[in-house]
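Take a look at the structure below.
Letters A, B, C, D and E name the chains as they come in the text, with residue numbers starting at 1 for each one.
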Amino acid sequence: MRKYVNWLLPALAGILILAAWTGVKEVFGIRNFVLPSPLRILQAAIKERAVLLAAAEITITGAALGFVAAALIGFLASMVMSLSASFRLSLYPYILVLQMTPIMIFAPVLVIWMGPGLPTVTVITFLICFFPIVANTTQGLISVDKNMVDLFRMINADRVQEVLLLRVPHALPYFLTGLRIAGSIAMIGGITGDLFAGNTSGNAGGIGYMVLVYDGQLKIPELWAAGFTACLCGFVFVTVVLGLNWWLLRKWHDSIVKSDV
Amino acid sequence: MRKYVNWLLPALAGILILAAWTGVKEVFGIRNFVLPSPLRILQAAIKERAVLLAAAEITITGAALGFVAAALIGFLASMVMSLSASFRLSLYPYILVLQMTPIMIFAPVLVIWMGPGLPTVTVITFLICFFPIVANTTQGLISVDKNMVDLFRMINADRVQEVLLLRVPHALPYFLTGLRIAGSIAMIGGITGDLFAGNTSGNAGGIGYMVLVYDGQLKIPELWAAGFTACLCGFVFVTVVLGLNWWLLRKWHDSIVKSDV
Amino acid sequence: MDTPNPPLVSIAALQKRYGQGAVVLDGINLDVNKEEFVSLIGPSGCGKSTLLKLIASLSPVTSGTLTVDGMSPKNAREEMAFIFQEATLLPWRTVTRNIELPLEVSKVAAAKRSEICARMRHLVGLDHVPEHYPRQLSGGMKMRVSIARALSVSPKILLLDEPFGALDEMTRDRLNEELLAIRAQQKFTAFFVTHSVAEAVFLSSRIIVLAPNPGRIAHDFTVPFPYPRTAETRESPEFQRCVAEVSRILRSVSPAHP
Amino acid sequence: MDTPNPPLVSIAALQKRYGQGAVVLDGINLDVNKEEFVSLIGPSGCGKSTLLKLIASLSPVTSGTLTVDGMSPKNAREEMAFIFQEATLLPWRTVTRNIELPLEVSKVAAAKRSEICARMRHLVGLDHVPEHYPRQLSGGMKMRVSIARALSVSPKILLLDEPFGALDEMTRDRLNEELLAIRAQQKFTAFFVTHSVAEAVFLSSRIIVLAPNPGRIAHDFTVPFPYPRTAETRESPEFQRCVAEVSRILRSVSPAHP
Amino acid sequence: SRAPSTPAKPGERPLVKVTLQTDFYAQAEHGGFYQALLKGFYREEGLDVKIIQGGPMAPVGLNLATGIVQFSIGRSDDAIISVSHDIPFVVIAAMMQNDPQALMVHRESPVRKFEDLNGRVVMTNPGAAWASYLMQTHHMKFYIMPMNYGMAQFMADPGFIQQCFATNEPFYVEQNGQHARVLMISDGGYDPYRVILANADYAAKHPDVARAFARASIRGWEDYLHGDPSLANAEIGKLNLQMTPPFLAYAIQAMKDYKLVEGDPAKGQGMGLISRKRMQRLIDILDSLKMLDRKVTVDEVVTSDYLRP
């Protein structure tokens, strides 16, 4: 029963949204080149499926690499910063600068250094995904119960042991939330990467490239189809993170463990 | 003493970064239109200060409005979703869709519906800042200690009371972390908004517009100055959030309360 | 037990296991009448807290029946208050605001609320720290806040899970007496978990001794002293004898340690 | 007290307040020699846990001096183990892995580690739940994991903050005896906080009674029974007399409740 | 429905309110329109024109298609493609006989003709038809990197190739001490017009307004190029900080040098005029590149006023 509900409700909500969409279109007479009907988008997606699939593959590669890099480096950076308040004080502002400087400033420099292509797309995705992970993981690492810290002091744990055995496990749910945010923007990173550093011949660019193509030719249903393709890829990332979340926390965390049965 | 360190360390790190920057430039002979020297950027910033200040004012307005809207609506949406697992199941995927669809798909529709200008920039910023807040706040709302939930059941709290009196305060640190992430990308939202929706209001160009102008004129130091102006504005948001964080949690949360003195 | 009314809490053939784990409680049959004061004693881990949680419907029964005041326990929850084994204070609320929580939830007017709260705070001896946050309290003080919070509502059924375990004997004895005084007024029915046999004998009209693995009722013991009981009761030789007797029973059900 | 060695723990004119709060401990002067077993008793909130934390250097001294083994307490921390008032188990570790934690931290080889762990787990009677997570344990079981964890290292100084408060009398008595057995072997010095006067008398060579507001030493009481002590010791009339005497003292320092 | 109008002085026809959105921030390539506006040419035609700027991300096409603006500018090939998927665009006149779009290379670059692009990377707008055309006609392949409207990469890399307006970017390159050369795309055999576009529904309902707008705009362009451009230039400089007087002068000169606006009278070209033959050829090319949803006719795309055989 519960299982059906888990599928039924989002499906129902989806149908409602589609209905509203179609309704708004009808009532306000919005034309297809402003807001295409869901059906038209589906048709466009089917027609362009080969192109979109190839594009998705290109973009998702860069997005995945950047995402994974952000996860690893973000986690490590947070750990290092939790080792000492001085580290944290010295590094955090500059990590913020990295995040807050518009990517359009860095992108050309990156392209000049690394050339267009996958490595640059990866770095751009990385820059976009990095901070949400660091912000969350750091918050988790410093939110440890004071009594636990006392315990670790009493068992003469050094700073590294304290971080590895206490802070990191405690920060796991925070890290995973950061990962969820990063996962949801990884494709945006990939697309931004496409825009600044993608390169292609003929009609086989990444999603970002195809968005520009469709936009330039005012192929609006195709444009939306490309957008939703990106969405679908994004769901892959988020799903992976949710799976990881369940797997890592299932035995002990209040957000997962069902109040007992 | 401690107080000095709080300033000294980041400053020192900053000096190190600047030194490395200059060093790399010298050693690899990187030219100014690839990577300008910090000094040149500073000079450019001083020269263009009036323009940049005006631009910052325009962009920060949209960014601030969108940020505040994202904070409020994100908080409310998370609260509603924590009221029932069904709500959460039905809404979360579509909130993800909102986040994961590249803004360039929605932006034109927004501009057509709302016209170019502040409201549209605000909505674009909102769309960018929304999800990090929702993801974090929701995680906080569902991570409540099971024993506390039992307590609230025993005092016959209804669902709304449970959310307001238990889950919301518990989720506060999570919300504030989400806010920190949102704050760090609010200016990016504003700039994106500038580019998509702010560019037809005559001479009044925001930072996004100035970035394009400088880029098109090959005024690379000025370009970087514009980027750092955005950064500085971003720090305003982050600082406000950090202040709020301190103020709201200072009395009880482990991340703030000093292990006793 | 003065009227032939139906029992207030009625438990029959109750079994409990958590998920797929071992059976925690098995074959529990227990009828408790209005105004009885039932103590539950038994070795650590035998299922005392679990039984209280089942009565409060905080955990589902695996098999068997359990009714409270003729209703499902969930529906009867309004009539109950629970002092948990852990203090479960809200870390963002001061002592005062923690005590006021249930009153706030049941929308008691502010003036009434702070009057009741002040009374309860005084009862547990925390007048001097009204604005302290939980992290600034000692273990016993936390527990006392939790006690004050539960007593601030006037429940029909009171579930107490080792409420006084973290308190010194003086405070404990005093609160024992206060609890009986409140009971004389409000006539609640109590389920009281404790590890102190003397406390159980002093407070209860009935003592249930649970045996472990799986938790089951080993003895159902009626305490012969009439209420009101006072400090003198404790001194009486009958009292001592009774305590010795219950201790013996308890000892007999405790698992031998190899 | 057999040698004229310098005291192991030496406290002089110690004062403690948290931040700008009220003075918690005042004018504490206390010398404790090697292998003494010191119980601290006193009303809830009088500063017992605080005193242990000061000795463990988990909280800074406000004024006065405190040395442990001739060193600052922070440097002497390696020689101490602490059983906290709360169980402080890591929720993501099973019973076994929680017990193993200090051994893991001090890099004891895996084989040795699991041998010690198994022994300690047996000692506290948790052989049947090695893979349980803390959320699956009863309150007393959690506390027992915490006890096993602290005893798995062999400290020179053992700080125990109401370790047995959540346990039934049987388990408590048995662990009391085990503790004394371990002490006979390892010859640690103990600071033991309890609310049970009988327990204090049974275990200690010396009992310090703290008076509250601000916390200060009201009585320093030497327990006259020789070690080893057994179950029979508890039954002896001298023991009862001693308990009564300490109870009286405790009663005299407890704040009168208006 | 009637065209919106503003009240005018008694005895005068009320002015018709219309909006032109340009394709980018104000620049010399929009000079004629500003000239027409400031000199009152539109007003003389009974129009109350408002010019709003485009931008790299502005939805100019959508604004025109939805009728939020009535007029815009663009390229004839884009217009053909849009009409083929039923977007209500119509060309009402040519704005430039030749498109200023070009490829910019460094002076010493080995790239001298389009064939030399084979295997290289070009920064340009993705999906550009001319790129497909060049690849097809020269049986070659080059790689496209999305245009980001910056020039840092060009300056840093002597082998860099990027799309430009022949009238714009080379100026900045020179100013920064390097030398650029341009290959006009029109020289490669792909030769669209830059055109004045109208919303087709609007133009069908108000043919007079469309005609008047085209007429006044062309007049503005003539005046901008041959008269005194300072009025428009001042306005452009005010709207777009990038447009300094020397730069505007450079751009105007470039437009004249390349004969962009008026074309070559010897070939029958002239301001505003559109050759049916040239349009048809463009449709055929686009069709052969499979860029059209359906084959459109010239008359679907262009109104008759300025259409010539």
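In this section, a residue touches a chain if its C-beta (ideal position, glycine included) is under 8 Å from a C-beta of that chain, and two chains touch if they have at least 3 such contacts.
Note that this is a predicted model, so its numbers are computed, not measured.
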Shortest walk length in steps over touching chains, chain C through to chain E: 2
Best-connected chain pair, where connection means C-beta pairs in contact: A-B
Interchain centroid distance [CA atoms averaged], chain C/chain D, Å: 28
Whole-Å gap separating chain A and chain C, where each centre is the average of the chain's CA atoms: 49
Multi-chain contact sites of chain A, meaning residues that touch two or more partners: 34, 104, 108-109, 112, 145-146, 150, 208, 253, 257, 259
For chain D, residues that touch 2 or more chains besides their own: 18, 58, 86, 135
Shared interface positions of chain E, touching two or more other chains: 62, 66, 148, 150, 152, 156
Of chain C, residues touching chain D in the complex: 18, 21, 41-45, 48-50, 85-86, 125, 128, 136-141, 144, 161-162, 165-172, 174, 195-197, 213, 247, 250-251, 254-255, 257
Chain E partner contacts - residues on chain B that touch it in the complex: 31, 33-34, 51, 104, 107-108, 111-112, 115-116, 195-197, 199-200, 202-203, 205, 209-210, 212-213, 215-218, 220, 223
Chain C to chain B touching residues, read off their complex: 53, 56, 58, 77-78, 80-82, 84, 86, 88, 90-92, 101-102, 104-106, 133-135, 153
Footprint of chain A on chain E - complex, ascending: 61-62, 65-66, 78, 81-82, 85, 87, 121, 125-128, 132, 135, 141-146, 148, 150, 152-153, 156-157, 291
Touching residues (chain side chain E, partner chain B) in the complex: 21, 25, 52-59, 62-63, 66, 68, 148-152, 155-156, 172-173, 175-176, 238-242
